[in-house]
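Chain lettering (A, B, C and D) follows the sequence in which the chains are written, and residue indices restart at 1 in each chain.
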Amino acid sequence: MAYSRIKKAARDKLTSLEVKIGPLRLSTPVVMASGTFGYGLEMKNLINYRPIGAIVTKTISRYSWPGNPQPRLWETPSGLINSIGLQNVGLDVFLRQKLPRLRRLGPKIIVSIAGFTSEEVCCLARELLAHRVEALEMNISCPNLKSKNKVVATSPRLTYNLVSQVRKAFPGRCLLVKLSPNVTDTPSVAKAAEDAGADGLTLINTVKALAVDLHNQQVISGGLSGPAIKPVGLRTVYEVYRKVNLPLIGLGGITCGKDALEYISVGASAVGIGSGFFSNPLLPQEVVNALLGQLKKTGLPSITYLIGRLNEKKRPS
Amino acid sequence: MEILSLKILRMQSLGPDHYWMELENRFKKAFSPGQFLTLRPSPHIFLRRPFSVASASKTSLGILFRKVGAATTILTEKNPGQEISALGPLGRGFPIDPEIKQSWLVAGGTGVAPLLFLLERLMKIQKVSFFYGAGCQPLLFRDLFPQGKYRLFLATDDGSCGIAGPVTALVEKQLQSGEKPEVIYSSGPLPMLQAMNTLGLKYKIPVYVSLEIRMACGLGLCLGCVIPLHQGSSIILKRVCHDGPIFLAREVLWKEITTFTRISNGL
Amino acid sequence: MAYSRIKKAARDKLTSLEVKIGPLRLSTPVVMASGTFGYGLEMKNLINYRPIGAIVTKTISRYSWPGNPQPRLWETPSGLINSIGLQNVGLDVFLRQKLPRLRRLGPKIIVSIAGFTSEEVCCLARELLAHRVEALEMNISCPNLKSKNKVVATSPRLTYNLVSQVRKAFPGRCLLVKLSPNVTDTPSVAKAAEDAGADGLTLINTVKALAVDLHNQQVISGGLSGPAIKPVGLRTVYEVYRKVNLPLIGLGGITCGKDALEYISVGASAVGIGSGFFSNPLLPQEVVNALLGQLKKTGLPSITYLIGRLNEKKRPS
Amino acid sequence: MEILSLKILRMQSLGPDHYWMELENRFKKAFSPGQFLTLRPSPHIFLRRPFSVASASKTSLGILFRKVGAATTILTEKNPGQEISALGPLGRGFPIDPEIKQSWLVAGGTGVAPLLFLLERLMKIQKVSFFYGAGCQPLLFRDLFPQGKYRLFLATDDGSCGIAGPVTALVEKQLQSGEKPEVIYSSGPLPMLQAMNTLGLKYKIPVYVSLEIRMACGLGLCLGCVIPLHQGSSIILKRVCHDGPIFLAREVLWKEITTFTRISNGL
């Protein structure tokens, strides 16, 4: 690390763990992932919110949604299959009951949204803008929002179209797009989102999966999360980082500070904690400790110097 | 709610595949009967596992568990002195109405765990009858029962102890004899809970059941344990981990639950 | 199980574990996967070959190939990343040194092939036909064989073209196509292979993955196998079974007899044992024992009755 | 080659993070020094783990291991009486030329394991000098050394036992004094093996090294452990598990190996 860069960092007065995701400034790179932290309020009595940079809410839709019938969960080797089916309270209840309380917690709030039509998604974006929400995460990897029976995130064209529209409906604030690993070429979808004006990308959503319950003679179809998919998440971040210039929130299978460092080293500006929180609610603190430890060890003034360090190839600029 | 690394104080085999484990109790908040905690037996198993608290004192928590799979097998290999990550108290316990004078507790198999704790509490303030059924005599853990004033009715499938047949038959016999509690608390395998619901409806007695369902977080975050309930004229969604695991039996949509899970838990 | 079907089975004189993959008759549904059983010869002193229905060889190419430099392996939670890079002895050495000895082992031999051009693959097919090889498995999920920089198995069109050509070069014998899960829509690629004349499909190849070695400051990019990917393999078999009428060899993360039953229940006619063999060389025998146990328990005369039992939707016919 | 479930006979802590484990030996084929076996400490860890055999009798096999990660941590928790899945003998041992009268064994850290077994064998038929280095005195496991006729030279990084400095310096000093063995066998961390190679080339002594590399199968099936070797004028690919783990040091392409693996194994 050249001395001049360190001096520049000191000049910039970066606090060591602060990162920027487009216009959104996070006090730490730790982001609580959508759908695995409820509406962010449930944990008030259990954990300290200080280590958390941002909370992504459970994906909300225009109207409340009951989700899928049971069984919704199945444990697999080092993983979890879920088929919650986007059960959520809907926009109105969210705005009335959840948002005001969420804002008092401290971390930045990123509202995850999805809908059946692009009009529905734009409507959500407009309403949330009107309520001065700072950041949105478009869950386009959700199998409910289909255009001609295709999940949006499987097609660069559909992605470009939808993101462009939402970009217009949500100007000036942080617009994130969450991508799916269940795609032949995630980087090209990422590029489409960048071209359409996204401020950052969240990767990855769950991996398409199925479990067989021989005892009850049934199958459970859903999305796989947890340590089993960490190699898939890392690969996706690694590849997308080489193709686009957007800040990335990397996630999938993070269960310790080392995992977070791995994601950052291949290009993530921030890391998402998803189902790893279920096994260890102290994980956000542990990740922050590990990041601080790494800064101390390397003598670097800011975590931003670690981003993409092991992803040698120069990013296009 | 707290997450703690707790020392294992005791570990005892009770009978075929059943164990009694005691943990030091350093939770600031007291557990009430029906509440549970989640344990992480090994870093190599991803999810925490829920267990009902079967006894609680200021210094220790008792858990009765059955070895059924990977996590519970690892639990059986633990020794006193080792530590284990525990998270609790979780869920809401059995509602206890101070007005009520007489209650019945109906347990099947491993489901006896939360009712042992409830018994400890209730026998001091109510007239309690405890109905307890299991597959056979070695699976009726009578040593776990406290001394005190309550009636104990026993049933085994094979008749090796108490009357032969399901515990629900024992309950029905007692109801037929004209005796009638103000409330019934029940815990055990699903078919038994369903039968208890039927009895409750027939004899117009409120029945509270402790439901078991797969959980991921146990904290109300993931919506993985959500079930539909009748409430008034509408159907609402509730999280078993957060709003339960205790529910009023007549509100449960039994068909919804039994079509996806046939948990073979004892009895 | 209707009595009439059982009588029919008895009439057909099926031995209980026998299955057919196109023209290939296997004595058991246990297939040793490509690249994880060497050239099939190495294990002669360790295990019994009787439980094995077929051996798929390490993928061979026209000319020998050195493969990738180290590191080639990385363990992940419940999985293994490999980047062997198709190191192989090449066709000539295979025909001279391996094939004659392989044939004496007992199980059916399926030769896995790959090449840089379609001509190369057809040439392999012709040569192997000339040497009376009974079955081929086209490894089109191999990142080396690219057309305009695309892995063949990512495109239905490329798949159709290549499989059609090889079909012509290898008439009358069993032609299998091995598909990749790293594709938006594997069933449509499967359909293309079916339309082009394949006799069966093998799914899945490894899942694209990456590991970060923070200690040595390097990344390991490769394919993920093992229990971590079983939910992905099951999902792929489940979906492909609904779309095509070909027999499927299901694999990915099989480590016990129950896993094999799960694959069969969602539509696999046979099961592949890959990296699970590394941890437990007794696995082929254990799988056969579990299948026989299941037949005994259910009273069914043939394992074929179990195929696709939990995959309710009728297959197109 | 056999796969067996073997009883653990003994389990002993040797010093910081180092353990000695003895397994019953029911393998039909005898191990020779330099060969290894793979163990599966837990069904929750996917791959088997390779370990050199450090001693072998008709009834038992000794393994010296260092706790470095998940699998070796689980190993430390095993107790005598428990069984563990073992697969071996694997690889080829150190070549022993019956013509040779004098050999040196050079061990660094945990790498001493296979050389202990070799020493046992060679000291009966040759003039043997054993050079052994480790980080500090508690990591020099002198109790593991057999009684018999051989010379033992010790070195520690911090000088707490034997001379201060790397074991290779000790070897070089002895070579400079004019003494020269016919062959050197060496096992330890890579930088040490490389230094031994340099010494071997300089003093024209064949050096055999035991290489450690990540393995998946250990059986020659997966090609995961393949390394390039000089052989004559060409470069050929060899499987460490099947063709090694013992190689002639001057044939190894050291640069290829050291760029991808910096195994921090003792010393």
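Following the convention adopted for this analysis, a residue touches a chain if its C-beta (ideal position, glycine included) is under 8 Å from a C-beta of that chain, and two chains touch if they have at least 3 such contacts.
Just so you know, these numbers come straight off a predicted model, no measurement behind them.
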Euclidean distance of C-alpha centroids - chain C vs chain D, Å: 37
Computed distance of Cα centres, chain C from chain B, in Å: 46
Multi-chain contact sites of chain A, meaning residues that touch two or more partners: 78-79, 218, 226-227
Of all residues in chain B, the ones touching two or more other chains: 44
Touch-based graph of the chains, sorted into line, ring, star, complete or other: ring
Touching pairs among all chains present in the structure: A-B, A-C, B-D, C-D
Residue ranges of chain A in contact with chain B within the complex: 35-38, 42-43, 45-46, 58, 66-67, 69-75, 78-80, 82, 84, 87, 215-216, 218, 226-227, 275, 277-282
Of chain B, residues touching chain D in the complex: 42, 44-45, 70
Parts of chain B lying in touch with chain A, wherever the complex brings them together: 1-3, 40, 44, 46-48, 85, 87, 213-227, 237, 242, 256-257, 260-262, 264
Residue numbers on chain C that touch chain A, as the complex places them: 76-79, 81, 154, 182-185, 207-212, 214, 217-219, 221, 224, 226-232, 234-235, 238, 253, 258, 261-262, 265-266, 309-311
